[in-house]
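Below is one structure, written out as structure tokens; comments come after it.
Letters A, B, C, D, E and F mark the chains as written, and numbering starts fresh at 1 in each.
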Amino acid sequence: MNLPSAHQTPPSPTSKKEGFSMIHRSPSRWRPSGLAAAAAASAAGLLPGLARAQELSQEVSAEIAAAVAAALAAAQPAAEAAAEAAPVSGIDSGDTAFMAISTLLVLMMSIPGLALFYGGMVRSKNMLSVLTQVLATVCIACVVWVFWGYSMAFTDGGGLNDYVGGFDKLFLRGVDLASETGTMPEYMFVAFQMTFAAITPALALGSFAERMKFKAIVLFVPIWLTLVYFPMAHMVWGGGLLAQWGALDFAGGTVVHINAGVAGLIGALMVGPRLGFGKEHLAPHSLTMTMIGASLLWVGWFGFNAGSAAAANGVAALATVNTLVATAAAGLAWLFVEWTVKGHPSLLGLVSGVIGGLVAITPAAAFVGPMGAVALGLIAGPVCFVFCTTVKNRLKYDDSLDVFGVHFIGGVIGAVLTGVFMAPGLGGQGDESFSMGSQLYAQIEGVVFTILWSGVLSFLIFKLIDLVIGLRVDADKEREGLDLTEHGERAWNL
Amino acid sequence: MKFIIAIIKPFKLEETREALTAIGVTGMFVSEGKGFGRQSGHTEIYRGAEYAVTFVPKLRLELMVADDLADRAVEAIRGAAQTGRIGDGKIFVLDALQATRIRTGETGEDAL
Amino acid sequence: MNLPSAHQTPPSPTSKKEGFSMIHRSPSRWRPSGLAAAAAASAAGLLPGLARAQELSQEVSAEIAAAVAAALAAAQPAAEAAAEAAPVSGIDSGDTAFMAISTLLVLMMSIPGLALFYGGMVRSKNMLSVLTQVLATVCIACVVWVFWGYSMAFTDGGGLNDYVGGFDKLFLRGVDLASETGTMPEYMFVAFQMTFAAITPALALGSFAERMKFKAIVLFVPIWLTLVYFPMAHMVWGGGLLAQWGALDFAGGTVVHINAGVAGLIGALMVGPRLGFGKEHLAPHSLTMTMIGASLLWVGWFGFNAGSAAAANGVAALATVNTLVATAAAGLAWLFVEWTVKGHPSLLGLVSGVIGGLVAITPAAAFVGPMGAVALGLIAGPVCFVFCTTVKNRLKYDDSLDVFGVHFIGGVIGAVLTGVFMAPGLGGQGDESFSMGSQLYAQIEGVVFTILWSGVLSFLIFKLIDLVIGLRVDADKEREGLDLTEHGERAWNL
Amino acid sequence: MNLPSAHQTPPSPTSKKEGFSMIHRSPSRWRPSGLAAAAAASAAGLLPGLARAQELSQEVSAEIAAAVAAALAAAQPAAEAAAEAAPVSGIDSGDTAFMAISTLLVLMMSIPGLALFYGGMVRSKNMLSVLTQVLATVCIACVVWVFWGYSMAFTDGGGLNDYVGGFDKLFLRGVDLASETGTMPEYMFVAFQMTFAAITPALALGSFAERMKFKAIVLFVPIWLTLVYFPMAHMVWGGGLLAQWGALDFAGGTVVHINAGVAGLIGALMVGPRLGFGKEHLAPHSLTMTMIGASLLWVGWFGFNAGSAAAANGVAALATVNTLVATAAAGLAWLFVEWTVKGHPSLLGLVSGVIGGLVAITPAAAFVGPMGAVALGLIAGPVCFVFCTTVKNRLKYDDSLDVFGVHFIGGVIGAVLTGVFMAPGLGGQGDESFSMGSQLYAQIEGVVFTILWSGVLSFLIFKLIDLVIGLRVDADKEREGLDLTEHGERAWNL
Amino acid sequence: MKFIIAIIKPFKLEETREALTAIGVTGMFVSEGKGFGRQSGHTEIYRGAEYAVTFVPKLRLELMVADDLADRAVEAIRGAAQTGRIGDGKIFVLDALQATRIRTGETGEDAL
Amino acid sequence: MKFIIAIIKPFKLEETREALTAIGVTGMFVSEGKGFGRQSGHTEIYRGAEYAVTFVPKLRLELMVADDLADRAVEAIRGAAQTGRIGDGKIFVLDALQATRIRTGETGEDAL
């Protein structure tokens, strides 16, 4: 495929183009062609997709690049000498600033965004348990990421490279102030990807909220990250299997949302429904908090989607527009469908549509055009609505906060329809070689693989934890609320 | 002395208090709660889940009055809290044995 | 006028200077003078003010620019060849990163910022109605903007160009990854401006909160945007009438705040006062939420004001300083006046002053110096205080959340005093040609026009909606609260 | 020392290197060597540390720089002429964008971050008092900063320069659109530093919350800023005494956290414990708000720490990673220690650890490696835990919100251990000349000086205010709550 | 008429209301509060401070019933609200003098 | 048995509970509310709007006690809840017919 996203390693890096793409940025990177080739080769090693996605619209043939470089080299012998004598940086301050803000936006998505979005939907006696679980998940993920996660996701895995990376960068060995990834410092890339690892397991928590032991969650997160998430990230973004299949995922539809949605559902099924589910009034204790959370998720999602362009450029700008309009369309679609079907346009419906739209646009963020994004939103909103209302009620599983109905379903819609709306005829970024049939095939292949991988392994992990310490709190504790019984605190003393 | 309990619609509190003050009642205690009765509640829908809420928000007044004030107090509440629509509430009168003012220790009607 | 803001098209674009201003940024934009002139011409077409405001402090004569370009061209024939053969990008990654963050900051102003600021001030039974109205407004505006809003605001309107743009970019036709506006991708400019279109009608909602039908709001927003906002944006920022008059509005004092303030007041008058207004205790249900909202408004306002510089430069930096100090001064001024007059320094007073200050500095953000900004704040705080307390109580209109008293009054103060504090003698950015008299005249002309335009059209729109579906909910529903009756939900179940 | 932070002026500026470091950024800054030297000299004057920290990893000898410049000068005589004729800007748009976002992130730390973090921990009857105090402090600090604070901190103090700056830039005299600091506009530097001045006194407020008169706070803030904070900022970052001693403080461990922690403790001791302290249930009224606040503090802290790199580069990226992992480690450490010792893993414990970790990594942010950061967090969490639980209970002082236990203790741990973990053998950024002994000595010297300076002066200020207007509200008012009695409002009307 | 007050566990409200409706009770008022009794509370720890919370959350029902319904109402509440574990609550019966329906002014059993 | 209702200042709860426990009271129920009486309220100002709030926050205790404990209970409350300043509250005593412990079905004084 010729439209890899920022996270992604294209199957056959076109090193010369990459070389140029790095050249035409800033004088500190003007290099004679020999150096350029070397730089290109090294850049192609890990994440050439980064530089590539940035330059989608600006590609110029390598010959011209070489000519420019040669001309300059001729005019500036001293510069060449300097470049050879000293380390030359490929860092772009604008891109680095952009990735810094993207990093903290994705952090803000988890805390307080997701924590509030979820916390507002549980009963007030379980509010703190949700907040604690999300925050602890983020903390655990950060530490595990720099210990072994980054290495497992973004280094060469040798014989296992199709599935997982290796241990070359355990404890960030070898990463230093001079390391670069694309046009940013490697440390920034480490931080940006860290926040993705943090939010993914936190998303899954919503499915089994209000009844899971905190101890079980503290075990689940690092094991699941290690066995499920890091390999998935490697397979999609680190040059593994799915990347080779050509499945496109701009910002994490499969790796993050489908993955978390499946894990959540498995967890919900294994821990069982909440006491009183289907009988008692399990109403959200504060839709105000849910709305704040959803808003911060939307705001933060620019870090997620536009940040996945890995540079402040046209691709990021397109992702920005799409992240606005797909979301708005999905929110409105849910709202109006609910208004028609249930008689009231609810805030919870509107924000649910908003999140569904954000999820759906994630894999497609810069592959589709703005009108494709609107269409995607208009589809995602109502389909998620049907799953969260009718389907869930039919099947009677207790996915407390609809992680499956929103993140899984939204993720699948987005992943599959990326293969449709990227068609140039539909305003997408596919080029003349684009074939909807084969792209759809690759997309569906990616989705199915993710479901299987995440489903089977998540099941085994929950099973193991259940055997060792048990997944669920006592009925009495559940009734009194996890805040007091698990954490010894109370959320509101007004 | 009589102990009067009144369940009223929340937005009627101020008028009721004024009506009671007008006839010489000098104190009362108000608490919030929810009532169940003829007045129907509402339905709340949160994603797939629909909840029929049978209770409606009400205020509860309680006041101790001298025997001779009791009827007028009931009448005052009724006059002020009435909208004529279902759910206006009730007034209950109980007999009381004693009242004490904590600050001074006075008892009986002096305590009111 | 020679100090246009970022949004603004100066009457006669000075294309050569623009050419240079694009040149002295990044090597990818070094072009032989012929190309430079061409680039300048195209840049001058749509939004030359962008590039221009950026360079306020750095203007160099076009002759020198040409000389530089010529010298370089001579030294680099290959570069010239390359530039001719390939598309050359004028994108600056730093500016693009800056506009990306500005975009999401303005989104954050609406949600959750404004939603909480307003929501906290209503009674708890109407909390969700406010949150839903604001979020739905944002969603509607996003979709309408990419459908026809952007085109109506920022394309040439032909014969009607004085008042409104045309339909060349309906559904973003013609905007693609290669389109540029100033030094950013056009998509980013589309997104940035989208967030302004989203917050403006949302601001007006505060005036008629707690009693308007949701259905009426869902109708009002797209109609008002189409008939009132898009033309106003065109007239001030898109090269229309007010731009030609020389009225200055750095970040949206007229287009956003006066416009919304007038629409809000008209709405409040037409829907009538809330039940119990002037008699019952209509106290804010959560000043905590109001304070969170006000804080996020302040934080987000940097996107609004500094972002309006359209580049990460000295102009943006000055707007940043001013947005800090004018706000702080206005907050303190309201606080101390209230303390003196009413006996208590209230939090609501402090945040009201803060918002009043933010509104007042908006049109003036980079036209005045920091001391002018402090002065502006010290004036805006007390004047808004008088309007929200004494004047409103006298006139007995029920502008629920003081949109008129804060946004309209603050906007007028800022718009008019821009004509004063931009005087170089008062530390402002006016140059030697600045004349306070004629600038004041232009400013007042702009304000009066906005009042008339917004007032008349808003009246007609509300009238129409009232006739068709009615503006106001039943008295019983109003009493029970809009949350339960309109949205079927409840904000707090603690 | 050879690893100064962004805020810091190294004892002997190496002007030639600085000259180069400015050269290798953007063509607009390519200057013939004569100009370069001049630029270097001026840059070295105020804040050369800025440019320097940016380039830590990219230092190239000045000779090569000069050669490059000479070669270019030879090839571009016209460019030279242009550069001499016109002002040449050293502004980097990426760095400026980065500092803009850092500025507003630090503002967001105060409001709503800190306000909510603190407000959630008090009883609901005092919620608004905390919010008002924090917001008013921010407003006061902004105004005082542009009036005299910036000048006192960042200009030459003449004979008193060891302790405090001078009055050259009173009311920002001499700062204009063309002024630059490092690679950003000076206005941006003014704004960034302003937000540090705003948060520091706000941090101290937590110690004496729930009983101090608002009037006393309104007096305390400007006096304390003037006598304590501005001199400290000058001594550490403005070229004063501590900078000369070689004490390292990347982002404000001494200036901000130790300084505020000491002032807070003094205030708490002088105003006395809250009524009911040690007897009544003084439980936090909303840990939800505290969690939102802590999350926003974490997110905003990137502005604090990474922003202190003053540029979007590798140093900022390292600070970003460290600010993630030290924090996560500290949060988990507190959580698990508390779980073991007290039986429950509480949310308040987790967020307290998070804040403790953020404080501890502040002085060390880009001096230590990621594994050093994890170690720092693992130490900071439990030590702060012991202070906030055991030590405070023993000594029976009423530091309401543990400003001393978290900010002072965390700050000291971070400041001292910076001298340990910056050792290259421990993954830190110290170079071959690094000596742990002498660095530790400098660090401790800095800490002790800060304690004395802040302690003595804060005591005198509180004493003075107590004599003039009294520090504490009446017992009756304290019992009824400051919201109603001091501010005439109520936080929640649900 | 009898005035019945019942203190119950919060999650037993719905069952209790249904049991009462089943025997013909048409109205009641519910309020929240906290009870002190044999059932022990819990400990909350906030940083260094430990608080033993002796009160536990309970709901309070009050309803006026005709004399002949009183015993059955007590029985219905007992049956529905019982879990058999400590803290189930109490039912108190008081004698009442009068009841008035605010909407209509009806008094006595007609008012219920 | 006697049914005692006490309106007290909120910060006096703990002392009052201890005083009652000391004389052998084993249970009670507490709810929040607002009182109207001699103690004046306060004024809240929100921008232009001033509200005179006539109600002040109070706690309401209710407890059923054996007849012979009633006087001592009233005395205990009075002693513990008194500050001597206006607004200390009231204690009301009503006669009660019956008490039932939901858990066991015990009635009368055994139920307390």
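The rule is simple: a contact is a pair of C-beta atoms (placed from the backbone, for glycine too) under 8 Å apart; a residue touches a chain by one contact, two chains touch by 3 or more.
Remember, it's a predicted structure, so these values are computed and weren't measured experimentally.
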Can you list every chain in contact with both chain C and chain D? A, F
Identified repeat of the D-F interface (over half of residue pairs identical), from A-B, B-C or C-F: B-C
Between the Cα centroids of chain B and chain F the separation in whole angstrom comes to 17
Per the C-alpha means, the centres of chain A and chain F lie apart by a whole-Å value of 56
Please work out the Cα centroid separation of chain A and chain E, and write it as a whole number of Å. 51
Would you mind listing the residues of chain A that make contact with two or more other chains? 26-27, 75, 92-95, 97-98, 101, 281, 283-284, 292, 342, 344, 346, 348, 488-490, 492, 494
Each of the following residues of chain B touches two or more other chains, namely 31-32, 44-46, 94-95
Just spell out which pairs of chains touch, all of them. A-B, A-C, A-D, A-E, B-C, B-E, B-F, C-D, C-F, D-E, D-F, E-F
Chain E contact footprint on chain B (complex, rising order): 2, 5-8, 31-38, 54-55, 58, 60, 74, 77-78, 81-95
For the chain F and chain D complex, residues of the former touching the latter: 11, 14, 42-46
Quick one: which bits of chain F touch chain E in the complex? Just the residue numbers, please. 3, 17, 26-32, 62, 64, 94-103, 105, 111-112
Across the complex, what residues on chain A touch chain E? 276, 280-281, 479, 484-485, 488-490
Going by the contact rule set out above, which residues of chain A touch chain C in the complex? 24-27, 30, 56-58, 60-61, 64-65, 67-68, 70-72, 75, 92-95, 97-98, 101, 105, 123-124, 183, 283-288, 291-292, 295-296, 298-299, 302, 306, 311-318, 320-321, 324-325, 327-329, 331-332, 335, 342-348, 350-351, 354, 369-371, 374, 429, 492, 494
